[in-house]
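Each of the next two complexes has subunit A plus one more chain, namely subunit B in the first and subunit C in the second.
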Partner chain A sequence: MARSSGKDAQALFQSLCTAYAATPTNLKIIDLYVGFAVLTALIQVVYMALVGSFPFNSFLSGVLSCVGTAVLAVCLRIQVNKENKEFKDLAPERAFADFVLCNLVLHLVIMNFLG
Partner chain B sequence: MARNLGRFLVLILLVSICDAASVFQPISDSHRSAALELFTPVNGSFGSLEETYEALRTFEVLGVENKSDVRHASCASVSKTLESSSSSLKDLFFALKVNGILKCKINEKALEGIISRLKAAINDANSLLDLYHSIGSLVLMKEQSLKADLHLSDAKGVFHSIKALSQSDGRWCYSSSNPQSSAYAAGIALETLAGVVSLSSSEIDQSMIGALRNDVLKLFDGIEKYYNGASYFDEKLIDSHENQGSISTTSSVVRGITAFAAVTEESLNLPGDKILGLARFFLGIGIPGDSKDFFNQIDSLACLENNRVSIPLILSLPSTVLSLTKKDSLKVRVNTVLGSSAPPLTVKLVGALGSKDTSLIDSQELKFNSETGVHILNDLPKSIDVGSYMFTFEIVLHELEPEEVYATGDQTKVPIFVTGIVKIENAEIAVLDSDLGSIETQKQLDLAGNNIASLSANHLQKLRLSFQLTTPRRHAFQPHQALLKLRHESKAEHIFVVGSSGKQFQLVLDFLGLVEKFFYLSGRYDIELTVGDAVMENSLLRALGHIELDIPEPPEKAPHPPLQPVDPYSRYGPKAEITHIFRAPEKRPPKELSLTFLGLTILPLLGFLIGLLRLEVNLKNFPTKAAPATFALLFHIGIGVVLLLYVLFWLKLDLFTTLKALGLLGAFLVFVGHRILSYLAATSSKLKSA
Partner chain C sequence: MTSTASSNSKLPPKTSVPQSTQYHRLHSLNWTINWPSMAAPESSTATTAVNNTLRHAFGNVLSFFILLLIGVLAFSIRLFSVIKYESVIHEFDPYFNYRVTQFLSKNGIYEFWNWFDDRTWYPLGRVIGGTVYPGLTLTAGTIWWFLNSLNIPLSVETVCVFTAPIFSAFASWATYLLTKEVKGSGAGLTAAALLAMVPSYISRSVAGSYDNEAVAIFALIFTFYLYIKTLNMGSLFYATLNALSYFYMVCSWGGYTFIINLIPMHVLLCIVTGRYCPRLYIAYAPLVVLGTVLAALVPIVGFNAVMTSEHFASFLVFIVIHVVALVYYIKGILSPKMFKVAVTLVVSAGLAVCCAMMAVLIALVASSPTKGWSGRSLSLLDPTYASKYIPIIASVSEHQPPTWPSYFMDINVLAFLVPAGIIACFSPLSDASSFVVLYIVTSVYFSGVMVRLMLVLAPAACILSGIALSQAFDVLARSIKFQLPGFPTNSEVDAGDSNPITVEAKNNAPKTDKTGEPSKDRPSRKNKKKGKEQAERPSVKGKPEKKRLLVLPMGASILALLLLVLLSAFYVVHSVWAAAEAYSAPSIVLTSYSHDGLHVFDDFREAYAWLSHNTDVDHKVASWWDYGYQTTAMANRTVIVDNNTWNNTHIATVGTAMSSPEKAAWEIFNSLDVKYVLVVFGGLVGYPSDDINKFLWMVRIGGGVFPHIKEPDYLVNSFL
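Entry: the complex of A and B
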């Protein structure tokens, strides 16, 4: 039973990988960006766990900047994905412009809060 | 402003020292020596012409010989001013005033020029001060006979123009453009009008002068009074920069009314007590420390000395403290304000009020000693004992010429202290047994001598001190202080008030009730008696001896005596240092750990870049045509600049500068971004449709 579940897991993983390989490159770039942002946030949380949260505002702004930009990238991915019927009429350039603008505003707020 | 405030304070301080009805002293030699000290010439001159005039006039009134030779420098200054055609009216005025005292030699031609200048100035003048200086100069020239038959051409017109500046409350304005009324200006205006009248007496008719008389009466309705009988003038608006202070204002009014009274034929009906109040104001200043105040005081008193309204007479006492022991007699002087002798008069002592507010004596006349000029009452009435009194004097003038009017006031009240030796008799100190009251030890005390009484007692006994106080007139006496002090060896002190009934003073200390007050300290106590009063010539503070007190042990909760300070001045030494408690700073991580994690944070970025390379990202979609390419480039550069701006914002800028820059950059970025992205959208849709 365990061996079959293990094999199933492997098979699942393999099919996931092959399916993922089929996604368009621009979506892969966005996924990579999201992964980068989340990883950075995780490293900051680990650091805070080690040394304590003394300048709490700095910790918050660091983590929230990563999380915020990840969220905005996810929104961009949703809007740019051609298979998503909901955003068929939205030009991907427009979505990208929104992404850039929202990121700039987010980072202004983050920089103010950084201290 | 600070000067006026300073003068006010000096005035108030001087007035507060005097009692409710104070003694005013006429000008004396202390004024003369103070004048010599105050007006000292620097390098042979007193400074400006105004200051020179003030100094010379003060010396002239006081009769002081000016030792230093200022004549040379002052006359040179006077000649220079009178000969120069550019001197101001004020300088001409004071130059002529100085000349009136020093009598320098003046160039004839210069005088002609001055007269024409002054007459032109009178015609053109539009302010009170200009008219004052020009008309005053003409009057001075006439007085000094520099130019005979000096006349004012349009005297009526000038009179009217000055009168037009008067206000309804009797004060004057400086000019028609400055509507602020001022009593100082009133004094100047009256002097100027007197000058106009004296320069051309035939043209001015009496009705105009009569109207002026009413103005003067209205001005005097606004006179202010101190409680000690002094009257003065003051300005209503204290912080106007033209406000001179009460001394200058009052002296200006005094000069004005005395000058005006000198030129009118009918007398100004000013009440004598107001003139006396003005004299008292100036005498009450004492010796001013400021040269201008000194001059104003002396000049006004000189005006009051010989004025045609009424001449004030000052009642003064050389000494207000009389000793019954020395058999002092009451001496009173009546003089004019400058200290000259008064006309024949009699001084009556009409009443003496003691502490009980009933008059103790009948009205008596004082005998006049014509050699010394002093009115004396040789023996004080028997009803006057030691103490403080308010004597009331009245001045009765003998027959007078009709044109001599004197202001004496109704009654003058003077506080008098009568001192004497108070006899202390039958002084004894005794230790009594408490219940029975029988005497265990009794000692007679000779408070004049130095004998020491040595007593002992325990806590069940009482100490009794008694004595009698009798005044020279054999009445009972209540001194300010009758205190007994017991001081322990440890310097703990206890003070008791000796009570009295009539002449007998007695204090009984019951030690049973006092053991707690004495902090249960047994031992030797020094005894000290204090009997004192201001009118007692033999007040005493005497160590009477000592008493050995035997007091039981203190119970547990007894209060301890307060610790006597070793050095009573130790409270002025440095205090204990205050250590401030600051919040402990937060623990910071070690530097290496922080740098490690900085490196670790860079790692995901590197991973992202490597991933991008693995995904074979390319810039193939970058537009090749010139215009879109520039826009694309500008777009990327714009985003880069915004991120750089954020870094600068974190490093050193503030939010507002950042927002301003961001606004500009954002607008640029939006424009450029819109262009490039719409181009890209257009190309991709073309591709799709194609």
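Entry: the complex of A and C
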């Protein structure tokens, strides 16, 4: 049972890798950005766990800005992905412009909340 | 906006099919107004194109004027108290808001944010900047500043008095937009007209009722509209606007927790019923992150935005939607066999991790005595909570459960149009209509707990009744139209206005025009699309589309139409009566009719004017907390307790002093530096809500903190 699940896990991992390698480059770039943002958020959480949460608004705004840009980048990826039939007639430039606008608003609020 | 001849028959049906993947915009589907001159002769496509353009333009202009009239109606029905009495601020809470707005207009916004008020809660004071919902005062202050910069010299009081009617006009326009997203513009206009007059909303937004709900209901409806619009369109731009509108709602009213719990509930509903789509993610995830940060920006909410249980639902659903999105993504890129393998692996490993995390979370929440909820929210969820533990919340008359007649008084005819609207929402069921159904169900429950929350029920009732009425008028008018003498009654009739039910029956309509549709959906209001469809029609006409339209007998439908109009007339008459007689009393000016005519009692203002003329500026005035705001605003004296009721012990101290014999009471008041005690006595004219009536609450609240005050001591037959 364990061996077969181990083999299954390996086969699964392999097929995931091959399937992911087939995605277009622009989507991979967005995925990289999302990963970076989440990693930064995790680093901030670990730092807070070590040092204490005294200026809580700074911690909150830092983490929420990372999570926020990750979420917005995922939204951009959804809209730009050619395989999504729903967004067939949405120009990628428009999607990117919306992404930039939303990020502007997010970071304006974060800068205000940072203290 | 007009239901043109050809467009309806070929547009794709709404998302009754789950996981429909069409990027469609709802308002391109014309569910709307019946036009008398419907029979479009297929003689030449050019003339029909011109006809359609004309009808379209006429429809747009007509609905613009209708909306303008609805706004004027909403504004003017709220002016009864200004006409009958004067342009004065009503009740108690609005006086505090008025005083804060005066301060803001005099001293500017930085002083307002940092204002520490030492004229209330005498030894303690109150941090105004951090304990007030700033939306209303900032809105009125901005309007006042803007008008004054244009050299229109309106006083602050005038602006405050008329803020509520103006925002109720905005609210009815927002209702139009929301209902248009759900069912089309005919239903939208009906719902807007109903909201302009619904008595429950009038009661809290009459001219002079300068309270949070005046702007908050507009913000609520507008936020819901933007959420539905984002859900329908999948556009990140509207998601940003949604978050900003939610921010305005958080600034305005404590009821914003309703939004941040209803939207996650709807998202969960969509996921559970298998209607997850990427648009749902775009509608929800940015709202949560942006909304939380924006809510934390408002001082009164602060860190409560991430630490209280009211917000946990949104975070939970945030995690759930990410898991679901990941699952769909992996399902999309793997083959079905590998996906099954993945599922078994993940389920076995992930379940253990999940249980561990849930246990930790539950332990954390259970360790706080109120399970992380605030007192008011707990009293909403458990209606008996307040009367057991927090007598102050229980004593406010607007926190009592409503009686059955108050439903009929407050939403009148809508009370039995709502079930019809709920049924109409299910055919077909889309994300937007499931949201509206969820909204009405939750708001009916909460309105049953507190009569004050009938206000949240009102917009939902108007939306659903608007949908029901509009559908009914649709069917009846169509029945009459198609049975008029000399009208072609064959299958050409797919030229007609389509009932959503019957459009669904044609789900297997030619696929050719379906795929052609979505790419043309973007310029949906543009007439060239309709013209192009006109050109396509002859080619499709080859397949006879036998549409079974719902048609009732002529006599019955005329009678039903008349009865519906009569019903609406009853509603209008009732609303105007309620606005004029029941909800326009300013409650600081009282009238009574006696044998020698009308007496007007201005006792409250006379008393405050006496205080302000005959006492020193530093003298402290003690009264029951009801009159605190009015005393500080009109008499300009320091009070001990006021309507904010944030400090139960302080109120209990005053209550004890009111319930004790003279010597003990003198000791208490002396320790608080009180110089004057204000007591309201209504025995001379039979005024029913004076301090003698409230006396038992003083005893109860005092006894809640000081055990030597026992309620049975104050009752005559205390052994009963």
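Note that in this section the second predicted complex is superposed on the first by the 115 of 115 C-alpha atoms of A that agree within 3 Å, B and C clash if a C-alpha of one lies under 4 Å from a C-alpha of the other, contacts with A are read in each partner's own complex, and residues count from 1 in each chain.
Here, contacts are C-beta pairs under 8 Å (C-beta built on N, C-alpha and C of every residue); 3 or more make two chains touch, one makes a residue touch a chain.
These numbers come from a predicted model, not from an experiment.
Asks: Just subunit B (first), just subunit C (second), both, or neither: which does A:Gly52 touch?
Replies: Only subunit B is touched by A:Gly52; subunit C is not.
Asks: Going by the contact rule set out at the top, does A:Ser61 touch subunit B (first), subunit C (second), both, or neither?
Replies: second
Asks: Contact-wise, after the overlay, does A:Leu16 reach subunit B, subunit C, both or neither (first, second, both, neither)?
Replies: second
Asks: After superposition on the shared chain, which partner residues are touched by A:His107: those of subunit B (first), subunit C (second), both, or neither?
Replies: first
Asks: Counting touched residues of subunit A, say whether subunit B or subunit C comes out ahead.
Replies: C
Asks: For A:Leu27 in the superposed arrangement: first (subunit B), second (subunit C), both or neither?
Replies: neither
Asks: Per the contact definition in the header, classify A:Glu93: touching subunit B only (first), subunit C only (second), both, or neither.
Replies: In the superposition, A:Glu93 contacts subunit B only.
Asks: Between subunit B (first) and subunit C (second), which does A:Phe36 come into contact with in this model arrangement: first, second, both, or neither?
Replies: first
Asks: On subunit A, which stretch or stretches are contacted by subunit B in one complex as well as by subunit C in the other?
Replies: Comparing the two interfaces on subunit A, one with subunit B and one with subunit C, the shared residues are 112.
Asks: Quick check on the complex: what are the subunit A residues that touch subunit B?
Replies: Counting only subunit A, the residues touching subunit B are 25, 28-29, 32-33, 35-37, 39-40, 43-44, 46-47, 50-52, 54, 91, 93-94, 96-97, 100, 104, 107-108, 111-112, 114.
Asks: Over in the complex, which subunit A residues touch subunit C? Could you list them?
Replies: Against subunit C, the touching part of subunit A is residues 5, 8-9, 11-12, 15-16, 19-20, 22-23, 56-57, 60-61, 64-65, 67-68, 71-72, 74-76, 78-79, 83-90, 95, 98-99, 101-102, 105-106, 109-110, 112-113.
Asks: Would you mind writing out the residues of subunit C in touch with subunit A in their complex?
Replies: Per the stated touch rule, the residues are 21-23, 234-237, 239-240, 243-244, 277-279, 281-282, 285-286, 289-290, 292-294, 296-297, 303, 306, 325, 330, 332-335, 338, 341-342, 344-345, 348, 518-519, 521-522.
Asks: Across the complex, what residues on subunit B touch subunit A?
Replies: Of all residues in subunit B, those touching subunit A are 586-589, 593-594, 597, 600-601, 603-605, 607-608, 611-612, 615-617, 639, 642-643, 646, 649-650, 655, 658, 662, 666, 673-674, 677-678, 680-681, 684.
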